Each structure stands twice: as C-alpha cells, then as structure tokens.
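Down below are the structures I want you to see.
There are two complexes below, and they share subunit A, which is joined by subunit B in the first and by subunit C in the second.
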Partner chain A sequence: MGGSASLIPRDLLSEYQELTFLSKQEILLAYKRFSELLPKEERENACSARVPKSQILTLPELRANPFQHQICHVFSTSESGDDSMSFEDFLDMLSVFSDSATSDIKSHYAFRIFDFDNDGILDRKDLEQLVNCLTGQGEESQLSSAEMEQLIQNVRPAGQGMGTAPGTGLSAHLPPQILEESDIDKDGTINLSEFQHVVSRSPDFASSFKIVL
Partner chain B sequence: ERERENEEEKDVKEKKRKKKKKEKEKEKEKKKKKKKKKKKKEKEKEKERKRKRKRKKIGKKERVTLAQGINVHLGTEMMVWFLFFLFCDSFQKWMKFQRDFENFKTACIPWEMKIKEIESHFGSSVASYFIFLRWMYGINMILFGLTFGLVMVPEALMGKPYGSLPRKTVPRAEEATAMNFATLWDFSGFAQYSVLFYGYYNNQRTIGWLKFRMPLSYFLVGVGSIGYSFMIVTRTMAKNANDDGGGDDTSFNFSWKMFTSWDYLIGNPETADNKFASITTSFKEAIVEEQESRKEENIHLTRFLRVLANFLALCTLAGSGYLIFFVVRRSQQFALEGLENYGWWERNEVNTVMSLLGMFCPTLFDVISSLENYHPRIALRWQLGRIFALFLGNLYTFIIALMDEINLKLEEEKIVKYNMTIWEASLYNGTIPENSTAPPIQVDPADVPRGPCWETMVGQEFVRLTVSDMMTTYITILIGDFLRAVFVRFFNYCWCWDLEYGFPSYSEFDISGNVLGLIFNQGMIWMGSFYAPCLPAINVFRLHTSMYLQCWAVMCCNVPQERVFKASRSNNFYMAMLLFILFLSTLPAVYTIVSIPPSFDCGPFSGKTRMFEVISETLEHDFPSWFGKVFGYASNPGLILPFILLMVLSIYYLNATSKSYKEANLELKKKLQSQAEENKRRNKQKAQKSNEQEENPFETEPPPAKPKGDKQDESTANKGKNWFECLVMGNSCVCDPRLPHCLDCFLCSNHPHNAESQVLAYFLRWLV
Partner chain C sequence: LSETGSALASPLAALRGPGARPRQQPRLSLAGLSVLAEEPHGAAPVHFLQELPSCQSARRRRGGTQERRPALLGTARSRGDAARAETGELADRPAREHPKSMAEKRRIRDFQQADTEHLSRWKKWRRTSSKSLKKALSEVKGLSSYLVLWRHDIHSIEGKFGTGIQSYFSFLRFLVLLNFIIFILMFSFVTLPTIISQYGIFNSTIAYISPKNIDDICTIYKPSGNKGLVYFYTYLKDLLSGTGFLEVTSLFYGYYSIDAVWISVMSYNLPLAYLLATFAYLTLSSLWIIKRSVEGFKQNLVHDADPFQSYCNKVFAGWDFCITDPSAARLKHRSLQYELQTDLQEEKLKQKIAERKMGEKLRIYTLRIFINIIVIAILSGCFYSIYRVTVFSQENSSVNLLVQYLPSMVITLANFIGPLIFAFLIRFEDYTPAFEIKLTLLRCVFVRLANIGVLLFSLWSQIAGCGSDKCKPCGYNYKLYPCWESDVGQEMYKLMIFDFIVILAVALFADFPRKLLVTHCSWKLVQWFGHKEFEISDNVLEIIYGQTICWIGTFFSPLLPAIATIKYFIIFYVKKIVLIHTRKPAARPIRASSSNFFFLVVLLIGLLLAFIPLGFSIARIPSSKACGPFRNYNTSWEVIPDTILQFPTGLQQILFGIASEAFAVPFFVILCIIMFYVIALARAHKRVVEQLREQLVLVRSERESCVSCPLHHLAQPPLLFPSLPSQTHTWLPTLPSRPLFLLHLFWSCS
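Up next is the complex of A and B:
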C-alpha cells in the first residue's frame, strides 16, 4: 500500500476522504484493487480511466452477488450506458456499502438497486425479478409461479389491473396481510419512503448491506 | 405744422425719455442683481470661510473621532471576521485531526483482516461471534489494566518482599514441593504465595514512599471493575437498541426476507450457493407455514410430547446439579485426607466434571428438543434457555459448595487462632517469665503456623476452573472439529457411505454454544477477580489464544451453516444475558464482602471485622471531618427511601410516555393511509371528468401515474426545500455525496466531513 500511496495526489486523497465515508486506508486499498483491474498500460492514469463492466464483475466481492449487474448500473456514471465504472464511481460504491454510511443512504441505494426497470418505484415485475435473483440461477431452486404469486401477494395487495392477473385464486388462501404493511398507502407499488420505512425497522439491514474489500 | 412738429418732437422726446428711463431702470436692476449676486457670493464666500475656519478648528477632532470610529468599526469587524476564519480554520484542523485519529484508531483495531475473511466465507452471523469475542477482549484488557496497575504492581514494588512476613512465605511443610510444575499448575506453592492471590497482600494502611493506600485501592479496584463492566454493557445494549429501530417488530417478516436477507459480504461462490439454497428454503417454509398454521394437528399428542421433553430436560438439569454437588463434597473429603494420596483424577475431579457436563448436556438437550416439534426459531430459544439454565445451575451449585467450604475454613480458623496463642507461649517457654514486655523472638516466617486463608482458597478454585475450562475448549476444538475433519476427508475414499454428506460430515460452527460459553466464562471472571487479581490477566491470555485458534479452526475445519440464523437479531439477547450474568456474579462476591469476616492473618483486610470497613476508616483518617458528616447524612434511610420512590415514579412516567408515542405512531399511519385513499379518489374523479370532456380512448396508465407523480414529488420534495427547512425539519435529504455542498441542501446530514456546516448545523438545531 505504500507504493500506491504516491500515485494518488495528496489533495485528491483528502478530498476523497471528505466526500466519502471511507478512511484513508480503505481508499488506498480501493485504489490498489482498482488499478489491478486495468491493463498495465493504463495503470498510471487509474484515476481517470474507466473499467468495463465485465472486469468489475471479476472482483470476488461482486462475483457471487446476484445483484451484480444492477449494482454496476446504479453506480456507473458513464454516458454511453455501458455501465463502465471510473475510480470515483468505484469509490462511491464502496462508500455507500461501507460500515460508516448512514442507513438512509444505504436504503436509498438499495431501493435503486432493487428497482430493476429504473422507474422509481418497486412494482410487481421488480419484485418478481428480485425473488428470482434471490433464489439463485438454477432451475430447481427457482420458485414456481404459484409460490411467487403468494410471496408477492404477501408483499403487496392484489393488483388493480396491473400486469397479468393471477389466475390461481390464491387470494382465498392468503392470510390476512402480514406484509401489506410494506405498502402503506395501498397503491400497489412500493415507493422510496415506504421502502425506507420497512427497511429501517429491520435489524439486519445495515449489517448485511455491506461490502468490504 | 410747427405745433405738430413740436408735439412730435415732444412725443419723440418723451419716448426717448421713457426709453432711457427703462434702460436706466434695467441698468439699475441689473446692477442690483449684480450687487445681489455679489452679495450672495460674498456671503457664500464668507460662509465658506467660516466653514473652513470651523473645519480647521473643530474639523480635526471630528475627523479623528470619525476615523477612529470607522477604524474601530472596521477593526472589530475585521477582528470578528478574523476570529471566524480562525475558528473555522482551527475547526477544520480539529476535524482533520479527528479524522486522522479515527484512521489511526481503525488501523489499531486488532484482527480486522481475519474477521473480514471469515465474514466473506461464512457470512455475518459467524463473524458476529468473533466481533463479540474481540469486544470481550477489550473489556478484559481494561480490567487487567486496573488490577495489574493498581493492585499487583504497587504491592510487588512497594510492599514488603517475599519472605518477610508469614503470609508472604511458603510454609515450611510445603517448601519441598513448592517449585514443582505440578504444584504450580495447580496454583499452589509459590504461585499461591505471590501477588497473584489475595493472601499475599499486607494490611498496612499505607505502603512505600508514595503512601499508597493498598487496602483501599484493592477494595476500590474490585468495586470499580464491576461498576465499569455494568456501565459498558448497559451502554452497548442501549446502542444496539437504538440501531434496532426501537422494537421487536415482527410485522415485516416477508419484506425483510426479500429486502435484507442477502448478505453482501459473501464473496465465496460456495457460500453464495448455500445462501441461495437457504433463502429459497426459507421462502418456501414461510409460504407453507402460512398455509399450515390453520391446520389442526393432533394437539394432545404434541402437548404430551412437549411436557415429556420438558420433564426430561428438568431431570437432566437436576442430575447435573446433584452431580456437581456430590463431586465437590468428595473433593472436600480428599482435601481433608491430604491430596498427596490421590492421583490426578481425584485432584481435578470438580473441574473436569463441570467442563464435561458443559460439553455433553447441550447435545442431550438438542436430542430432547426433537421430540417437541417446534418452529426452528422457537426451538433455538428453548435450547438457549436450557443451556443457560444448565450453566447457571452448575455455577451456583459450585458456589454453594464453596460456601460450605468457607464455613469449614472459618471454623478451622478459630482453632488455629487458639493454637497460635499456645504456640507463642511455647516460644517464650523457659526463657522469659510471663506477662513481660520483652521483644519478640525472631522466628523464621516459614515456621509460623498459618490460618486457613479462605479468600485465597476461593480465588484458587476459580482460577483452576477457568484453566480447566480453557483446556476443555481447546481439546474439544482439536478433537471435535479438526480430527473429525481429517477423518472425514481422508477416510472418505475407503468408507461404505459418503462421509461428507452422511453421518459425521464436517462440523458447523456452533455460534450460540460458543457465545454462551464465552458469557459464562466472563461471569466466572467477574466472580473471582476480587479474590484472585490474576484472573483478568489469565482471561486476556485465554481470549487472545482463543481468537487465533478458533479463527484457524473455523477456516480450516468448518463449513458454512445450512440454516442461517442472523446473530444480529439476537445481539441484544446475548447482551441481556451478559448483563444478567454480571448481576448474578456480583451477588456472591458482594455477599462475602458484606457478611463474612476476613481471615485474621492474610490479605489486605486482615484484622478488620468486615471488609468494607476500609471505607469508613479512610473517611475518618484521610478526609476532613465534614465529609464524614455529609456521608452520614446521605446514607440516612430518610433520604434514600424518597430517592427510591422518585426513581420508581420516573420509570412509571417514562413507560406511560413511550406507550403514548406508540399510539401516536399508529394514528399517523392511519392518517397516511386515508390521505392516500383521498388522493386516489380525487385522481379518479379528475380522470373521469377529463374523459367525459375529451372523449378520447383512455389508457389505464395515467391514474397510477398521478399518485406516482405525487409520491415522486414527495420523495424529491426534500431536494427542493431550502437548506434551512430541510435542517429544521430534520430530514436528511439524499443528495449526491460527491458534491461538497449539494446544490439544494447546504447542510445535508449525509455529508460526512463537512466541517463548518456541521458546526452551523448543530448550532442552528440548538437554536431552533
């Protein structure tokens, strides 16, 4: 780490410290890992280079994560839409996922990560995709459509003409709304404040929404 | 004609005259004007002159005062600005210093990389055990610092050296075996007569050139370590309760499962697969559970089985309690008959039995609980409760047995005191007549008969228990985890069934068992450290080696758990147990301090009737007299009872206010719901109206879009507010943390290191 310390100019380093939640050692470690992802010719200029998404996904911390693509998409500031990340995007990501980030920031970014179609709310399709991500990629492990129905019904009430209507008639079996508390205003979608309300009550969120290099 | 000419001439003349008059008048007027002007000018000039004179006369003073005034104003303004900048600058420097200090502190945290590695392989619940271990290590370091620095070192440096007093010397009878390894391992011999135990300390009021008050320091360190432990455990509990969001809300189960169940720390594909599987199973379970909760099983059979299981568990507990009691009694018998006649087993019976019970009974409870058929979470709680009861029962039986021994020793002491007088008389026998004041004969301290020092005995028992507990844990890890893993790995090739998936397989890391073991170990330390100041030191060593050994064992021999139980939800549960144990551990120590007389010839309180008398003695001698009076008044029951009453009332009041807050919360939620329904209704009406007006085919999108728009406005409403509103309402707007000041919210609380803004923010908040 001593060698790479000379590669980030001092004022940049202190600026990064001020703007993110990371400590100096963490920033230097991030720099080291980031420059390892670049091909050798570009390593000198790591602060301004962009790393393509495929390279980012080889990081062990992101490799096993089911939300890897969405994470890259949310944190990338590339104008060409190819989800490549610069060093500052990388630092941004680490700062949000660090230990000292506030739970507000974490829940805000978690919302963006779970919002697969980027429309600002979590609707039925987002929740379906979320469940599919969580249950892994294998065929046997994925939930059947009936089970998916029940889960999502439990997360929010029966849709009013949104998307495909559930044809299995599970609403008769549904227990009285254990989960409709997520959707406080009962509009069929979960917006940011509802999401933050649910997630802030969870004792596990802050400790599980963490990535450390 | 002449007349006419005359008249004409006259006219002309008159006209001329008139003209001349007019001209003259004009000239006069002009002159007058000129004069006036001149006069005016003169006057003005005079005025100016006067002014100039005035200015010249008074002008200097005026200018001076004005200038001075300006200077002063400018000066103060400059000063103010200068001070402000200086303040900001120094504040920035202070913040920078704080940041550097934080960096330094994080660099100082031990074992950080190890724990991160474990986190990435096993998830956050296993890592939480190690974080807990590290936290305990920190507490023990401080306790060690207290006992070492304020008790052991002063006595070693400034007290009387070894061999000068009877209490500080090995008795003649034991001298031969005092340096043997076996005796030292047993903490008798030289180890017993050293600063490690209570009995070595002298009861001199002040020692050394510093006039260090040894007995007072001993007492206060004992009380202070308990006080410090209470404080830090309560503080951690409060912090955890804060993070929890103040409550055990089980109303969001599914949502939490969906949004928070993925552990982002997992970096290992194998662990990730495990995690996927466990999430899927938990979803399926939860769905099935909801469906099955309506089913009515055979209630009677379940109830009978559960009663049977509880009965069995109670039997086990009672059995273990009795076993310990029996074994302690036997060891007393052995001690009476002299320990040399017995082998290793008899000597260490008590400790080994307690450790073995701690190892096997939990597995027994696990087997019993399979009868009960509970939900896994509830079964875990029952399991933890039973193990807790087991450890508690064992500990308290141990203490009761110890109390019996203490009473025996007290009886013995009376006999020894009596014998001492006879022995002293025999020294003077034949040399000097009785009742004289001759100087005492020099006797070698090793030969003086000793009273049985019950405090040292208690300390020794606790130290032995800790050491044997440590050895048992290490051996369990080595055999249970390591050898088992080796066996499964290498014998898998030549075995009938698949060892890795079948019976033995690799072991999982038992979080709850380990945490409970740690908690009870700490309870023993708290109990025994008053009588054996070396206990915190031994515990520090034990935790240090435990950390390395367990980290290695976890990475090498364990597999990630299949059912992942979040430790964080139980975090406060473990803290609550720790607090409970702390409270229970202090009870025996307090009882012995308050009601049992200290030994007459060993320890810092020898010669007093009760140990706490050292406090009253210090108040008498070292503090001015009015202090003693104040204390006397303060400890009056007339003052203490109203104080207790006040505390009870305040607890009741706080409870009532918290209930009212919860109700207010529910009200607000209802309001939100009704508000949203209103919005929906209004939007529908609007949509209908516009539909009637336009008669266009209407999509179903806009109605949801409108409330969506509203909500988006709400969620971005914070961004539109000015910073003062945002600050005062306490909303932390979510702005881009990359910008030093976000354009909308100047004092956003999400900016971690925005120095001046933080100061201003605190100040404004206080103001408002």
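Up next is the complex of A and C:
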C-alpha cells in the first residue's frame, strides 16, 4: 500500500477526500484495487486510464451482484457508452456505497440502478426485472407470473379505471403490494421522489446498500 | 438575489449537460400533484398544518428551505427557477453530496469556492476553519477505524453470509465491550482499592470491620481453603466450582470484608462504593441498550403502525450489496425467492383465516388452549425439577463435582429440550408462519430466563427460609450458608462456566463430526441429517442467557464480567469457525433491522429480569454477618440511608423529601400527563398522515377526470408548458406551493 500511495498526488488525494465520502485509507485501497485491474504497462498512470466493463466485473464486490451491469452503466462517464470506468468513476461508486454516504444520495443512485430502461421512472417492467434480479435469472428460480402479478401490480383489475379509491372493493381484501405501497400519487409508476420516500422509511436500506472494499 | 440567481443558472445548466445521463423527469405524476395548487380551499388548512411540530422539524431537517424539494422534483417548473432553487442548495450542501460524477462535483466545488470570494473575511475564516475541522475529524475517524475490534472478521462474514448474520456478530462484539466496561467499573471501584490497601501501596491501610451488636454465632465463617498437599483433581474441582482456594479470592463477595480504606488521610467507603458500583453497572447497561434500541424501536413502531412497506423493504432493500461470494449470492437469491413466495402465500393464508367458519374457529381455539396448557405443564415441570435439583445439590454439595454441577446441567437440558418441544407443538396451532416464529421465540426466551429465576428462588428458599428458629439470630440460615452471597456467586460462576463448556463442546463434538459425516459419507440416512443451519435466534438466546447470568452474578462476584468478556471473546472465534466450516445460513434469514431490534429487546428483558433478584437480595434479604462489606448493616441497602444521615441537614431533608410519597405521587401524575400528551400527539400525526394520503389520491383522481375536460390546459398552464418563464416568475412566489408542501408534510409525518 505504501508504494501505491505515492502515485496519487497529495493535493489530488485531498481533493478526492473532499469530493467523496471516503477516507484517505479507503481511497488508497481503492487505488490499489483499481490499478490491479489494469494491464501492467498502464499501471503507471492509473488515474487517467479507463478499465473496460468486463474487467471491472471481475471484482469480487461486483461479481456476485445481480445489478452489476446497471451499476457499471450508472457510474460510468464514458462518452462512447461502453460502460468503461475511470478511476474517478470508480471512486464515485465507492463513495455512494460507503457507510458514510447520506441516505439521500444512496437512494438517488439506487433509483437509477433499479431503473433498467433509464426513463426516469420505475414502471412495471423495471419492477419485474428487479424482482427477477433478486430471485436469480434461472428459469426455476423465478416467481411464477401470477405471483409476480400479485407482487407488483396494483390490486385493481386491469380493466378498471385508475380512480378506485383504496379501501373500496377488491383492495379491501387483497394485500397492498409494491405499487400499492410506494406509488403515492397512484399513477401506476414510481418516480424518484416516491422512491426516495419509500426507501427513507425502509429500515434495511442503509445497511444493505453498501459496498466496502 | 435574483440577479445572482440567473447568473448562477448558466453554469448550472451546463452542469446538466453531456455528462449526466439522459433522464426524463417525472412528468405527469407531478403535474397531477400540482393541481392542488389551484384548489380554492387551499389556504386555511395549510396554515394550520404548518404549525404542526412535525412539519417544523421537517423544515429544519431539510435545510430550512421549502424550495429544496422542487429542485429535486425536477423540471416541472421553469428551468431558471429550478436552477435558482438549486443554487440555494449549492451553497448549503458540500459538493460530495450531489449525485453527480466526479468532474461535475469538482465544478460545483470550484463554483462554491468562487462564491466565497465576495464573502466577508469573518465568514471566509469560519468556512475554512470548519472545513479544516471536518478534515481533522475525518482523519481521526479513519485512524480510529483501525481500533474497532474485529472489523475485518465482521466484514468478511458480512460478505459471505449477509447482514442478518453479521448483526449477530456485531451484537456479540457489543456484549464484549459492555462486559469489559462493567469489569473496568467494578475493578476500579471495588477490587482495586481493596488490593491497594492489602499490599499497603500509597501508605494505605484497611479498617477491618469490627462486628458490632452481632451474635458471635453468626460470624463464624471458615472457608475451607486448601492447605498443605492438594490433589490436582481437587484443584481442578475448585477451579470449576469456585470453592476451596477460589472462594477466598477477590473473585467472590466474601473477600471484600472491609469497611473503609485509608489512603493517607482520605477514607474510601467501600460498602458504599460496592453498592453504587452495582447500581452504576445496571444503569449503564440499561441506558446503553435503550440507546441502541431506540432507533430500531422507532422503525418498529412505524412498521407496526402501517403494514405498508414490507414488500418495498424486501424488494428495494432486499439485496445485500456487500455480498462478495458467488455461492452466498446464490443462497441469497434462493432465500429472497423463498421469502417473497412465503410472504405472498401468507397473504393468501390470512385471507383464508378471515373466511373461517364458526365451527372451525371453535376447533382451533380449543386446540390452542389445550396446547398452551401443555406448554405451561412442560414449563412447570422444568421449574419443579430445577427446584428439586438445586435443593438436592445444596444439601449434598460436598459429595462431588457432578452433584455440584447438577443444577447447571438440568437448566441446560431444559434449555435444550424445551425449544424442541415448542417447535413441534406450534405446528398444530395453525398460526401464520411469521407469528409461529415469534411465538416460539417468545416461549424459548421465557424458558431460558425463567430457569435462572427459579434457580435463584430455590437458592433463597434454602438461604432465608428456615422452618424452625434455626436462623433466628442472624436472619438467614447461618449454619449452612455463613456467607450466602459467596454461595450465590459460586452458583452463577458455575452456570457461566458450564454454559461456556457446553458451547465449546457442541461446536467440537457435535458440529464438526456431523460435518465430517455429511461430507465423507453418502448414506441416505446421514445425508438426511444434512448440514445444520446457523440459526440466529437460538444463538442469540444462548448469549443473552449468559449475559443475564453475568448481570445477576456481578453483585455476588465482582470479577465475573472479566470472565464474561473472555468468554464472549472466545465464543466469537468459535462461532465464526463453526459458521464458516460447518453451517449453512438459514433458508429464511432474519433481516438485520428486525433482528437488531429483537436482540436488544430480549437483552432488555434479560436485564429487567436481573433487576428483580438483585433488588430483592439487596433490599430484603439480611446481608451475611460473617463476611462481605455489609456485615454491619441489616441489609445491603441500609448503607444508603446511613450515608445520607451523615450529610448536612438541608441536603438530608431534600433527599428524604424526594424519596417520600408527597413527592413521588405528583411526580408520577405529571409523568402520566406527559405520556398522554405524547400519545395524543402521535395519534394526531397519524391522522394527518392518513388525511394527506387520501388527499394525494384524490388529487390524482381529479387529474384523471380532468384529462378529458377542455379547460384542463387553461387550468394549469405553467405545468404543461414549462417554457412559459414570464408567467412562472410572477406566479410562483405567491403560491404556497401546496403539493410540495403536502409531500413535505407527508415525509415528515411518516
């Protein structure tokens, strides 16, 4: 670690400390791990190099993660859209996932990670994909379509209008599920503020949404 | 301000440029909310609602501006306005709290720095000093993170098994710390002064207690300290049971037969210190536990209050991002799937329960009553056998080690068999799965903790209860128990040692052979045994049971916390090895949030249970006259009034006044009134939350019905046509921004 420490200039290091939620030790460790991903000849100037996505995904912290592609996609600033990561992108990612990041910023990025089609709202398709990611991609491990329907969909039948007030008709008997729980304005999708609201009240979110190197 | 606002708007607009991902802003949903702004009956309730404390606190928490949310909600307003709101934000928030990429954050930071140029010198100085202070703090924090015990172990466990199991190990770490601090407390206030004076360090002398007004008969106490040649076996036996040479060491109460310690001219009142240290460790433990559990309690309260959230919590916070192991990830997938499916099934089950017929209900209720009677019968059986065994072992205590350890063995057996029977019986009671788990746990907790209570009760029945006037002169059975506190201390010591031995033995002789069998033997029968799951609740109960023993025992054996610290320290490693090598995580994992709360609640129950026997033996049972710091007092508690009597009269009167009914009753009444006020406030908040929720839905449906009406466009021009800047500027400030405010309130209340 001592060797790699000298490769980040002091002022850059303190700048990173200011701009991220990471401590000095964490940044140095991140640097070490990042430069290990690069081929030998590029290690000298790891600060400016970009690591391709396939290489990033070999990190054990991401390897097991079902959202790995989304994470790369969200944090990459690559102009060509190949989701490669620079060291600063990498630090951004670790900063968001660190223990000391605010819940506001965590939920903001969680929303973008769960927003698979990048349209700024979580709709049914996003939620379905999210649940599939959680239960695993295999055929046998996925929930049946009826279960998925029950889990995601509002309890009102599809044909009916959106105006059914809660507590009347069917919804009095059937349980509230994801959309019912989080879709405050009842438009069938979850937007960022609704998501942040729901997540801020979720007791497990802060403890589960973190990656420590 | 508006000038600077527009000036700032341009770099900010640039910030949104190429780097940011193309992200469509939430569109219609917002428009829907904004309809509220036009509602005619707006003003009055808003003012009323703004007076609510929850709203005020929300305003405080959210940085004092109501304008923040709009920036977050995006471009429904005109660009310039959003930007202006954002500049306010820019000044407030450090650059790292912006959800932007590094380059953009750098620009924000530079921008902020440029902003400080035209500040006064004083403000500049304040800003830089606060910045450097923060930096220094983060340095210290970074360094102190090296000092945290087991940081790496817990991190690797988290990576392999998820947060649920990690919370168990964090809990274990908490107990190690707690016991260590209790040990420091007892050692420095009780043991250290005694040792110092015994060896005459710092010119200290001891004032030994001269028994006054006590029958000589009571003061005969000759602990059978082994002298001369000792067999190794006796030595081992003494070590395990706390008798013999151990009885007269500083480990037990009997050693501290000192009235005061004189260090040059200062006198140290040891009896008072002993009692106060006892109160101090109990208070410290309870405060610490309560502080830790308050957070979880709040969450649980909110959770109970509305059944929303459960699915969102599972889906949005379901994945542990800290999992690094592919096989752990597979397990996590499976457990998540299982959990979601069982929860969905549970919903169906609940529906079925709701549709139950009368006859069926009757059958189930009679069955439940019957099973509860069985449970009570089992419990009383356990209690009775513990009582018999304790009496027996006390009467024949000198026979051999086996008899001495008999109560500990029976308690451990009851702890082992009880839960098995309960887990079997609960199946017939037809509860929902979640409730089944809770009820079984509750019963197990009851068995474990009540067993200790029964043991103590039977000990006391031996100590204090004597039929004839055997114990009249001293108030307790002085022949059998000349120094009864030491005897209770020994019993607690034995329980703790035995508990430790059992934990080690289970790991060594049950878990590892089983693992070997399963991996190296492919017989069906053996495979059926299979891998055992690492059940958090059982393990937690185990260590909480040990902690309760420690709390009770510390008064009778002041160095017990040291043993507990070492014990938990070793258990941590044992459990870690067992977990990694022999167990697989449970199929239905306990979530970190609920488990943390559960651990602490059970721990609190254990602590409260420890209060009862301790309070009883301090205040009611006559302290032994042959040994200990309280020889001259009738009970241990009498030290306190005695000390108070030495105070100046004014202070005396105040203290006695506080203790009198004249003070206590009004105090209690006032407490009750405050409590009712808080409850009423909470209820009001809840109602407001419900109303707001309904209003939001109403607004939504209004919008729905408005889509078809032709006036719709006229009704909300700034929202559907965000590019109408002139209108927006004049229009916005006058509005109370009701939809946002509603959301605000909704956030803060819930």
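Heads up, the rule we're going with is that the second predicted complex is superposed on the first by the 187 of 213 C-alpha atoms of A that agree within 3 Å, B and C clash if a C-alpha of one lies under 4 Å from a C-alpha of the other, contacts with A are read in each partner's own complex, and residues count from 1 in each chain.
Definition applied: a residue touches a chain if its C-beta (ideal position, glycine included) is under 8 Å from a C-beta of that chain, and two chains touch if they have at least 3 such contacts.
Small disclaimer: the values here were computed from a predicted structure and weren't measured.
Engineer: Could you check whether subunit B and subunit C clash or fit when both are placed on subunit A?
Structural biologist: Taken together on subunit A, subunit C would clash with subunit B, as the superposition shows.
Engineer: For A:P39 in the superposed arrangement: first (subunit B), second (subunit C), both or neither?
Structural biologist: neither
Engineer: Contacts for A:P203 in the overlay, against subunit B (first) and subunit C (second): which applies, first, second, both or neither?
Structural biologist: Touch status of A:P203: both partners.
Engineer: Considering only touches as defined above, state whether A:G81 meets subunit B (first), subunit C (second), both or neither.
Structural biologist: A:G81 contacts neither subunit B nor subunit C.
Engineer: Check each of 297-305, 423-431, 441-449 or 693-701 in subunit B against subunit C and return the one that clashes.
Structural biologist: Of the candidate stretches of subunit B, subunit C runs into 297-305.
Engineer: Which residues form the common part of the subunit A surface touched by subunit B and by subunit C?
Structural biologist: 14, 17-21, 23-25, 60-61, 63-67, 88, 92, 95, 97, 102, 104-105, 108, 110, 114, 120-121, 127, 130-131, 134-136, 141-143, 147, 150-151, 161-162, 173-175, 178, 181-182, 184-187, 189, 191-193, 195, 198-205, 207-212
Engineer: With touch defined as at the start, can you tell me which subunit A residues reach subunit C in the complex?
Structural biologist: 14-15, 17-21, 23-26, 60-61, 63-67, 74-75, 77, 79, 88-89, 91-92, 95-97, 102, 104-105, 108-110, 112, 114, 118-121, 127, 130-131, 133-136, 141-143, 147, 150-151, 161-163, 165-166, 173-178, 180-182, 184-187, 189, 191-205, 207-212
Engineer: Per the contact definition, I'd like the list of subunit B residues that touch subunit A in the complex.
Structural biologist: 96, 99, 102-103, 106-107, 116, 119-120, 124, 128, 243-245, 247, 249, 251-256, 258-269, 271-273, 276-277, 279-280, 283-284, 287, 290-291, 293, 566, 568-569, 571, 669, 672-673, 675-677, 679-680, 700, 704, 707-708, 711-712, 714-715, 732, 734, 737-740, 749-754
Engineer: Applying the document's contact rule, which stretches of subunit C touch subunit A when the two form their complex?
Structural biologist: 18-19, 21-26, 28-30, 32-33, 69, 72-74, 94-99, 101-103, 105-106, 109, 135, 138-139, 141-142, 145, 155, 159, 163, 296, 299, 302-303, 307-313, 315-326, 328-330, 333-334, 336-337, 340-341, 344, 347, 350-351, 354, 591-594, 693-694, 696-697, 699-701, 704-705, 743, 746-747, 750
Engineer: Would you mind writing out the residues of subunit A in touch with subunit B in their complex?
Structural biologist: That would be residues 14, 17-21, 23-25, 60-61, 63-67, 88, 92, 95, 97, 100, 102, 104-105, 108, 110, 114, 120-121, 127, 130-131, 134-136, 138, 141-143, 147, 150-151, 154-155, 161-162, 173-175, 178-179, 181-182, 184-189, 191-193, 195, 198-212 of subunit A.
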